[in-house]
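Below is the structure I would like to discuss, written out as structure tokens.
In order of appearance the chains are A, B, C, D and E, and numbering begins at 1 in each one.
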């Protein structure tokens, strides 16, 4: 069996309080993996890290062989910081010089100094963004280049005196234009370089939750997050978003391809709804569903993205025993479809007869892992879970 | 009032055009509310006065005249709606309006399409004239006024260095450009130009700059509400030995409340004491009706209504004929004798008129001792 | 579907029928003021277009956009400048204006759409003010406060449009185009993604929807519809002025969609159809001093609607139910087809 | 003119602009406090705050001119009325929407702002009003300090003193008193605050009252300083003050002070040195830049949204 | 002392309480156990007056309190320690505590209450100037309890005090709860998932499942009940 998910030394802290510490775990294809632990043990935080809603403070997450949360070695961090710093200094020096090339004496003008100071502030934050591996910071650099060019165009032919009605100014800077044009390919090249794959690999940008879903990891939420104002069918079709391709133009002209795709998605959504037992309710709005139905709809929506790994966050919460039993059967059937399932549950009973392997979290740490049998008898688990001194029935 | 239409949409639309019975309608479109309402008030008073005078002397061809006030807030959009309303009313054969140039420009295409002649008593923007053969005005253009002011500043006041503080609007900028053009010719040095927008109240940064330039005078080609603030803020900043002057936009009693504005002078198309004998009766009647002196808006709108009435009297209510009649008043000899001087039109429908200068002395508008004749 | 009430007419027929009625409108004899009525109706339809465009951002994706009038202005000035300097035909200008609107929509949207709701609203507001400032101050380009007079009227097959009914038909045609675009998008992958974003951004992300991309798309489409409205406006008024694109316009359009129902296409149109002629009625009914304060009523509308009927006259849910009904019909017909042969 | 002379001129120009900027900044700060406090407590951009500022100016004007009250009585009464008005505003417009989505509250705020602005337009008309000088304390119109070309008026000193004084008082209220602690608690967690027995609505009303009082006071001061009162004055000033609040870090009183100062100086220097046409644009641009690049402001703390 | 009868309440769209009835006697520690999402926290929130109830009654010392504002409920002596501690992280420990005595107008009284809580939780005295957010989980829980005690409650509602805490600390917290009952004479309603710990401590227990009370008995008997053991004790 191939490993589908691997988490290594994952830590996450919020403002000094660590919610997760050094979590190591893995899931293999076709398994049902359980994560248990008392409330507040950090289970949902772990899920949020997996689905990239949170970015871990340290550690790595691999989905298949793709890194979801790449770790930045200190060496790489230093490299990026150095690059950013060099760029910043260059652009700081460069802007006034660049301007003064076509605005006579710009280097010594109050305007240049003030604008320079303003840009200094902006660039400082860019620098910070760069160090934090935020992709927008690179976008900003792009923007700076564009701004310099625009300013060149804008200020180019104008005398910088207040008196623009007497001066003979041209609408476009005929002096600035060649410079701007010369700078354009350079900045384009530089910007494009950053968007290409090698650059991404070097700097290791974070990827968003949507990208994670497209890679094949879907999830449900502990407190149900459906699109309550939309119909049940549309909820599932939204789940199938990343399996579809048609964009604006195809939608506008209802091409045959788009219609076929829509039809297919609709059919598949109906099948999924039948799978979770909601076929009859397909056309009502989601907020008209009962609680248990909403949970099942969430699962259907997650399945619609054809995931390889499904994350279920306390799917049995708030269900009565009958409903939880149905749910367990449903999860088994999902596994039979070849989907790996990762479940958070604090209810041991559900997990014991469902999971192939169980990880136990407590207080942000992984305290045990193993088959349900091993877990049931692990003294550390019993202590954490049931409070000291009591032994669970074997 | 129009309360009677408080019924149905359709009946309202149907009736809106036709409910004034037999009287000849002369609509007057201007801002009667809003920021520029004080200008509109002069227009309103002048027009109503003329209307009642016509009626008192037996109306036009025996029919009464009804002055209909249309408020357009000096907003181009409103002006266009009002213009449509008027253009589609068959009872309307000529319009008096609009006051603001931007409103005029918005209404123009509509009047032109409806072949409805219009006379503006106050739109001074240069570009209006060429836009439509159906448009006339009995007020001078900005370029004339700016030129006149430059001459006055040079020959009468002897200013050498002038700073200009203009508002970002068509009126103000047109004036400024005309002034600067002439100033260059006359050798007045323009120290600098600064701008402000209508909703600004803090003029100190720009004024501080002027202060350091030490101008002989500051030219404020704007409107009175801002003008008075500019003057008092300038004085509070310590600009004491510079004069202030403006154009007809500053010609408002609002300026009089400001003790710092002493000595400020403006151009105006109409001066009660310099106007001819025809004006004396008008001024008397105006004082009687409204308890104050007429300003130039009142005089011009009084004349514009008079022109409209004269046209209707001459050729009846056909729009095209009225237009042709107005266009035929094209020499000084054929000119319409109004209270604000003779009015005759060039081929663009613009007119050539004298400008006068008045200044604030002792908290009152008085005509300047030296006037400049064209 | 408990709340469902079946309309007397098949739902697909209502819109064409209304259009047909509208087409007949100019020929109803309304006496001398019929042109005035037509002009008011043209304004109402123009605002329908604008409201449909704005609706895409706050209605479909749930972000408050206060800068819509900026795109409207950009469209109007694009149209005016192209008409004056290059003497292009309206049918070239229209797509170019839309394109320019979309371009600025993307430029503004890409960096700002990651902001949370309030900040986004403020930034878009700032943008629209900046647009007006630029229009007002860049004399070399826009003639600034002198306005842009002398825009040639549009023409069709060599015939220049001048009559009011011709403009009415033109704006109806534009409305039909916009309506086509909006309804098609509403019931597509794109529309669902927008609705998902409106419903719950985090869940939407976890469904594989790239927030920024779809928000920017929505913003660009909204902007280009606004710009189209502006292009028509310039050609219709033949004169444009920076004062026409003040913040108030944004509020007015927002008011239309809040009143009609954010996110519901029919509600949006209804809002425009009710509130725009209302302005004209107010002009006739109110004394002049009160008329100048008519925005008081719009402000009050916003407050009261939020308080008592936040979903508007035709709520978003109703629109979604209509979509579900359409899906139902689709599924049923498909089933019928399967069983047939 | 020698170069030395020119240098002197240039530097006194700069200093005078600085003085202008700081005064303007003080005014912005006073208005910004209202935004900052309300936003800090209930995370609502109270668009109508600018209108309270406008009302403050109009009320004082009416009291002085129509009711012929002495200026300082009018000053105090206006502040009181404004704070009552703030409470009323909260009660009528915002309280019913406390549980509603933020979009609804924001739209209500915009609606309220437009409503109030037009109400003022209806009551007082759109023309610019100004305080009659003879009814004001004479000291306001005298320059306090003339240093060469630099003039500082008593009014400027008065405005700055009041700004600094009230900022200090507010800082004290928020950090040293029980109701201030309650405000900070509510801003973080309304439910838990209620569980502590804090009357949440009452504290929010108090916040509105204090913020509105500041806004009203700013209105009077501005009315005096520029001598211009008109219905739309709250609109631009409100937006700029909001920009100042964001710049300093919204929800943070010293931040409002700092932001107001920085924005005021930036605006005045911008108008003085770069382009007076784009003066408002400078504030908008600063605001947009801050929101984009550092939404938490200069000295605010970043707050993450919880998933 | 406190009695809920047929209480229905909605949590957002969810019908969270479907006719809950329970009773807390003076001087008892009473516990409410159940799974996540069963409606335990909602029950406490309805008692505190935060969640409005759709139907049913809540009476406290013979008076109905379900239409009373949360503030008034606190004034009458019902104080809740909410789930997840919910201390104010940006306020210092001392400010947090002082907020607990918000309704107490008497300054001296407040200070003595502060002194009492410091003597009960010496660790808090050491950290009085620190922002609440910098405390560890256990300390935060103590702070939350101490804060509630500042209001000198007669009925203390505790929502999952053991949440996310290490077993040793849970034991300490449970000890403190008992101490509160014994020394302060407060009645306590405890909501717990950790059924073992809760039942060990309590006099009487209720089991709640999907918004309904399914079982009630004295704590000892519940502990021995096979169904409870099966469902909640693993």
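In this text, contacts are C-beta pairs under 8 Å (C-beta built on N, C-alpha and C of every residue); 3 or more make two chains touch, one makes a residue touch a chain.
Everything numeric here is computed off the predicted structure, so don't read it as measured data.
Engineer: Using C-alpha centres only, name the chain that sits farthest from chain C.
Structural biologist: So the chain farthest away from chain C turns out to be E.
Engineer: Tell me, please, which chain's centre (mean of its C-alpha atoms) is farthest from the centre of chain A?
Structural biologist: Here the answer is chain B, farthest from chain A.
Engineer: If you tally the C-beta contacts, which comes out ahead, B-C or A-E?
Structural biologist: Between the two chain pairs, B-C has more contacting C-beta pairs.
Engineer: Would you kindly tell me how far, in whole Å, the mean C-alpha position of chain C lies from that of chain A?
Structural biologist: Computed from C-alpha means, the inter-chain centre distance equals 33 Å.
Engineer: If you average the Cα atoms of chain A and of chain B to get two centres, how far apart are those centres in Å?
Structural biologist: 63
Engineer: Using the average of all C-alpha atoms in each chain as its centre, how far is it in Å between chain D and chain E?
Structural biologist: About 43 Å, centre to centre.
Engineer: Would you kindly tell me how far, in whole Å, the mean C-alpha position of chain D lies from that of chain A?
Structural biologist: Here chain A and chain D have centroids separated by 39 Å.
Engineer: Return the residues of chain B touching two or more other chains; collapse runs of consecutive numbers into ranges.
Structural biologist: As it turns out, chain B has residues touching two or more other chains at 33-34, 168, 194-195, 197, 209.
Engineer: Find every residue in chain E that makes contact with two or more other chains and list them.
Structural biologist: 89
Engineer: What residues in chain C touch two or more of the other chains?
Structural biologist: Counting only residues that touch two or more other chains, chain C contributes 111, 136-137, 202, 289, 292.
Engineer: So in the complex, which bits of chain D are touching chain E?
Structural biologist: My answer: residues 178, 181-182, 184-185, 188-189, 191-200.
Engineer: Where on chain B is chain C touching in the complex?
Structural biologist: Touching chain C: residues 1-3, 5-6, 9-10, 12-18, 32-34, 69, 71, 73, 75-77, 80-81, 84-85, 87-90, 101-102, 105-106, 108-109, 113, 125, 127, 131, 168-170, 173-174, 195, 197 of chain B.
Engineer: Going by the contact rule at the top, pick out the chain A residues touching chain C in the complex.
Structural biologist: It is residues 51, 53, 136, 139, 143, 169, 171, 208-211, 213-214, 218-219, 221, 225-231, 233-234, 237-239, 241-242, 244, 246-248, 251-252, 254, 258, 261-263, 266, 270, 283-285, 288, 301, 305 of chain A that touch chain C.
Engineer: Enumerate the contact residues on chain C facing chain D in the complex.
Structural biologist: Residues 58, 62, 64, 66, 111-112, 115-119, 121-123, 125-127, 129-130, 133-134, 136-137, 202, 247, 251, 254-255, 258, 289-290, 292-296, 298-303, 306-307, 310.
Engineer: For chain D, which residues count as touching chain B in their complex?
Structural biologist: 9-10, 12-13, 16-17, 20-21, 24, 125-128, 130, 132-133, 141, 143, 146, 149, 151, 153, 222, 226-228, 230, 232-233, 235-236, 267-269, 271-272, 276-277, 279-280
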